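The same chain A turns up in both complexes below, where it pairs with chain B and then with chain C.
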Partner chain A sequence: MYFIQHIESITHQDSFQKDNIWNDLKPLTGENELISPDYKNYIPVAALRRLSTILRMGITASKACQEKVANEFDSISVGTALGCLTDTEKFLVTINTVSGDILSPTAFIQSTHNTISGQISLDLKNHAYNMTHTQNALSFEVALKDGLLCIDEGKNSVLVGAADEAIPFLERLRGSLIETEHPFTSGATFLVLSGEKGNSIACIQACEVYFTNENKATQVEQFLAANNCSFQDLDLILEAGSDFKSQAKKHYSFLKYSGFYQSASAFAVHMANDWLIKNGDDKTILIVNNLESNKLGLTLIHRNDVEA
Partner chain B sequence: MSDLKENLKAQIIEQLNLEDLTPADIQDDAPLFGDDGLGLDSIDALEFIVLLDSNYGIKIADPNEGKEIFQSVNTLAAYISKNQ
Partner chain C sequence: MRIYVTGYGVISSIGENVEETLLALRSEKTGIKQGKKTYSEHFKVGEIGWTNTELVQRFDLTQEASRTAILGMIAAKEAFKGHALNSDIRTGLISGTSVGGMDVSEIAYKDFLNGETDDLSIYKNHPSGTTSEQIAKELEIDAYVNTISTACSSAVNAIMLGARMLLSGQLDRVVVGGTDGLSQFTISGFRSLMIFDEEWCRPFDETRKGINLGEGAGFLVLETEETIKRSGKQPLAILSGWGNASDAYHQTASSPEGFGATLAMKSALKVAGLDPSDIDYINAHGTATPNNDLSESHGIKTVFGSTIPPFSSTKSYTGHTLAASGGIEAVFGILALNKGILLPNLNFKQAIEETGLVPVKNYSEGNTIKHILSNSFGFGGNNSTIILSAI
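Now for the complex of A and B:
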C-alpha cells in the first residue's frame, strides 16, 4: 500500500489548502478562472518574475506539501502532457519574429518539460532523484508509477504530482488535434506518498497504464480482478468520460470539475482522497483515465482502515 | 544621453520582467547585479546581451567585457553611445 500523507491542488476550483475540496466543488463553465494563491508567499519575488503559470503552480503546491509533512522528499516525480506551453510559445514566436543572431535565453531554458521537476527540486533545495514524465494523457499515471516504484525501493517520503497549463492557442486545436467539450484549464496536483500509514486516510492500492487500443471494459475488469476487486466493490468511479457510468454506484466525470488538461486525473486523486474523508462508509474508488481513446490509466484508491 | 537612459530603464524592466519596478526606481549609478542593487543574476546578463543586440545592434564580442558594461545604467548608456 502507498499511503497519501498530504495532497494539494491549484486549479480552477477553490482547491488549494482546503480541508476538503468537495465543500466548494462545482462543475466548471467556460467563465471559471484559475484560482491562484499569492505566489509571493512561496516563491521569492526575484525568481517569480521569470516563472510561468505551470512552474508557479508546481512549485507552490510542492512547497505546501513540504511544509505539511516537514521531512525532506526522497524523490520527486512529476507528470506533464504539454509542459511549459507559455515559454514554448514565447520562444517559438521569438524565433519567427525577431531578427538578429541572438535569442532571449529565459524562454528557451524554461520551455523544456524537465524544467518542472528540476525547478521544484531547486526551490525545495532537494538533491534527491527528480524526474519529469511526459506521456500525453497518461503522464500523471506514469509519474505515479515512478513514485510507487521509489517506495518499493525503500524510499519513505515521495512527492508525486502533475501540472499542465492552458494557453489561448489551444482553442485553435479544438476539434482537430484536441476533441473535448470541456473548457481548457490549467491545474497542478501534488501528493506526498509513503509506505507508512501515518495519519493518512486513503492509499493508492494500484495504478496501471495501457497504451494499446484493446477492449477497455476487459482491461478494467482484469485490473480489478488482479486487485481482488470487482465493479460491485466500487463505491465511486471517477472517470474522464462516461463509459463506465452504468456500472457504478456513484459516478462523476472529473473533467467537469477540473476542466480539460491532459494530466487532470491527478486532480481526480485529490477528489478521491477527500471523498473518502467526507464519506466515512465508502471504501474503494476507481479512477478511470480514458481521456484519450487509445490509452487507459487506472488508479485504485482505498480507505486505509479496511482490508483490501 | 538622459533619453537613452530612460529608454534603457524601460527596456530593462520589460526584458527582465521586473513587474514591480518603474523606471524611477532604477538609479542611474546603482549597481544592477548583486544584493546592493537590483539583484540581477547570470541569466539577466544573457538577457542584456540580447537587449543590446536586438535594440541597438551592438554585439558584445568578448563576454568578459560584460562585467564592466553592465555595472549600472550609466555604464550601459555610455557603452551604447560609444558603439552605436
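Now for the complex of A and C:
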C-alpha cells in the first residue's frame, strides 16, 4: 500500500490548502480563472517575476507538501504532458523576431520539461532521485508508477506530482488535434506518498497504464480482478469521460471540475482522497483516465483499514 | 537478478548503425562539421546529413514523423532487430528526449507567426510523449510506453527506469534509450546561453570553450535473466548499476565540487556492488563547457581518489546529442566492453590546470575492460550514472 500523506492542488477550483476540496467544488464554466495562491509566500519576489504559471504552481504545491510532512523527500517524480508551454512559446517568438547575437536565455532555460522538478529540487535543496515523465494523457500515471516503485524499493517520503499549463495557442487546436468540450485550464497536483500509514486516510492500492486498443471495459474488469475487487465494490468512479457511468454507484467526470489539461487525473486523486475524508462509509474509488482514446490509466484508491 | 543487454542500435553524425559507428570510432574520425542548415551554418555541429523524408525512405519506416521520432525509430529498430514479439514477453519502451517534435512544430509555428497558414496537423508530432509512442508503434511494442525528459540525462534515466521496472517484475523486456533531432529551437537556445565553441569542442582541455551540438539516437534492449531463457538471446553486456541524484545547485550550472555527480556515481557503484577500483573505463559526460568538465573532474576525483581509471568524453566525436547522449554513449560502452576499447578524447592537448586530469588520447583495442561507468548530466542539476559490465 502507498499511503497518501498529504496532497495539494492549484487549479481553477479553490483547491489549495483546503481541509476538503469538495466543500467548494463546482463544475467549471469557461469563465473560471486559475485560482492562484499568494505565491510570494513560497517564492522570493525577485524569482517569481521570471517564473511561468506551471513553475509557480509546481514549486508552490510541492513546498506546501514539504511543510506538512516530517521527512525530506527521498524521491521526486513529476509528470507533465506538454511541459513549460509559456516559456517554449516565448522562446519560439524570440528566435523568430529578435535579430542579432544576443538572445535572453531565460525562456530557453525554463522551457524544458524538467524545469519543474529541477526547480523543486533547487528550492528545497533536495539531492534525491529526481525524475520527469511525459506521456501525453498518461503523464501523471507514469510519474505515479515511478513513485510507487520508489516506495517498493524502500523510499519513504516520495513526492509525486503533475502539472500542465494552458496557453491561448491551444485553442487553435481544439476540434482538430484536441477534441474536448471542456475549457483549457492549468493545474498542478502534488502528493506525498509513503509506505507507512502515518495519519493518512487513504492509500493508492494500484496504478496501471495501457497502450493497446483493446476493449477498455475488459481492461478495467481485469484490473479490478487483479486487485480483488469488482464494479460492485466501487463506491465512486472518477472518470475523464463518462463511459463507465452506468456501472457506477456514484460517478463524476473529473474534467468538469479540473477543466482540460492532460495530467488532470492527478487532480482526480485529490478528489478521491478528500471524498474518502468526507464520506466515512465509502471505501473504494476507481479513477479512469480515458482522456485519450488510444490509452488508459487506472488508479485504485482505498480507505485505509481501521486498526482494531 | 541480473539485467542483460541483448540488443543495441545507434545513429549519429559518425554512423548510421553500430558497425559504421565502430569504424568511425576506430579511425578517430569526428562527425562534427560546419552546419548545413540555415540555422546551423554558423556553427560546428554533429548533423546527420539526410532530411526527414530521406531517412524515412532509407530506413524503410512506416511513419512520417519529427526528426526526434525518426532517429529514435532507426536506432530502436536496429536494437530490436532479431527480437521476436511474443505475448508471453511483456515488452515496453522508454525513450528520453528533450525537444520532442520541435524540429517540425517550429516550422509550422513560424508560418503562424508570419501570418501564413500553418498546417495544424504538424503539431500532433510535437509532444515528447508522442515521439515515444511513434517509436513504440514502429516496433509494435505496446505493453508500456514512457518518455523521460530530464534534458541531457534523459537517455540514462530511461535506461535506469527500464532496469528498475524489469527488476520489479512489471516488464520482461524493455527497449530503452534516447533521441534528439537538431532544431532551430535548440541551436538558438544554446546560442543564447553562449556556450558554443566555434571551433571543435575540446572536452577536459584547459582551453575548452564550450560545446558543439549534435543529433542522434541510441537504444538498448534490456532483458531479465528469466526472459533470456525464453527469448534465447545472447547477452552483449550486463547493466549492473545505475544512479540518479540532484545537484540542487543552479538552474544550468553544476556545483563546483560536482556534488550531484558524486552522488550519482556512488549510488551506481552501490547498486552494482562494485568498488571504484573495479571500474576500467569512464565514459564521461564531458560536454567541453568550462563548468561541466571542471565539476565532473572534481566529482570523479572525489569518487575515485588518486587512482582514476582511463576516462574520456566522446562528445568530440558526435557533438553533444543532448537527451540521446546517454543512449549513444551506452552503445559505445558496450563496444568498449566487448572489444576492450579505450575511446580517445579527440582534440585534447592540455590538462585542466586545476585538476591535472589527462583523458585517453588514442584509440586502442584489446584492453581488459570488465566494468564501464558512463555519466550523463542534465540541466537543472539532473545527474545520472550507469555501469555496464562484461558478460
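Everything that follows uses one rule, which is that the second predicted complex is superposed on the first by the 304 of 308 C-alpha atoms of A that agree within 3 Å, B and C clash if a C-alpha of one lies under 4 Å from a C-alpha of the other, contacts with A are read in each partner's own complex, and residues count from 1 in each chain.
In this text, contacts are C-beta pairs under 8 Å (C-beta built on N, C-alpha and C of every residue); 3 or more make two chains touch, one makes a residue touch a chain.
Here the structure is a predicted model, which is why all the values come from computation and not from measurement.
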Who touches more of chain A, chain B or chain C? C
Applying the document's definition of touch, where does A:81 land relative to chain B and chain C: first, second, both, or neither? second
Which of the two partners, first being chain B and second being chain C, lies in contact with A:152: first, second, both, or neither? second
First (chain B), second (chain C), both or neither touched by A:49: first
Identify the partner contact of A:136: answer first if only chain B is touched, second if only chain C is, both if each is, neither if none is. second
Looking at A:104 after the superposition, I want to know if it touches chain B, chain C, both of them or none. Which is it: first, second, both, neither? both
Both chain B and chain C touch chain A at residues 101, 103-105, 109
Flag every residue of chain A that touches chain B in the complex, lowest number first. 45-46, 49-50, 98-106, 109
Mind pulling up the chain C residues that touch chain A in the complex? 98, 106, 109-110, 112-113, 120-121, 123-124, 127-130, 132-133, 136, 142-151, 157, 161, 164-165, 168, 170, 184-185, 188-189, 191-194, 244-252, 259-260, 263, 378-382
Contacting residues of chain A [partner chain C, same complex]: 76, 81-83, 89, 91-97, 101, 103-105, 108-115, 117-119, 121-122, 124-136, 138-139, 142, 145-146, 149, 152-153, 172-173, 176-177, 209, 211-212
Seen from chain B, its contact residues with chain A in the complex are 15-20, 39, 41, 43, 46-47, 49-50, 53-54, 59
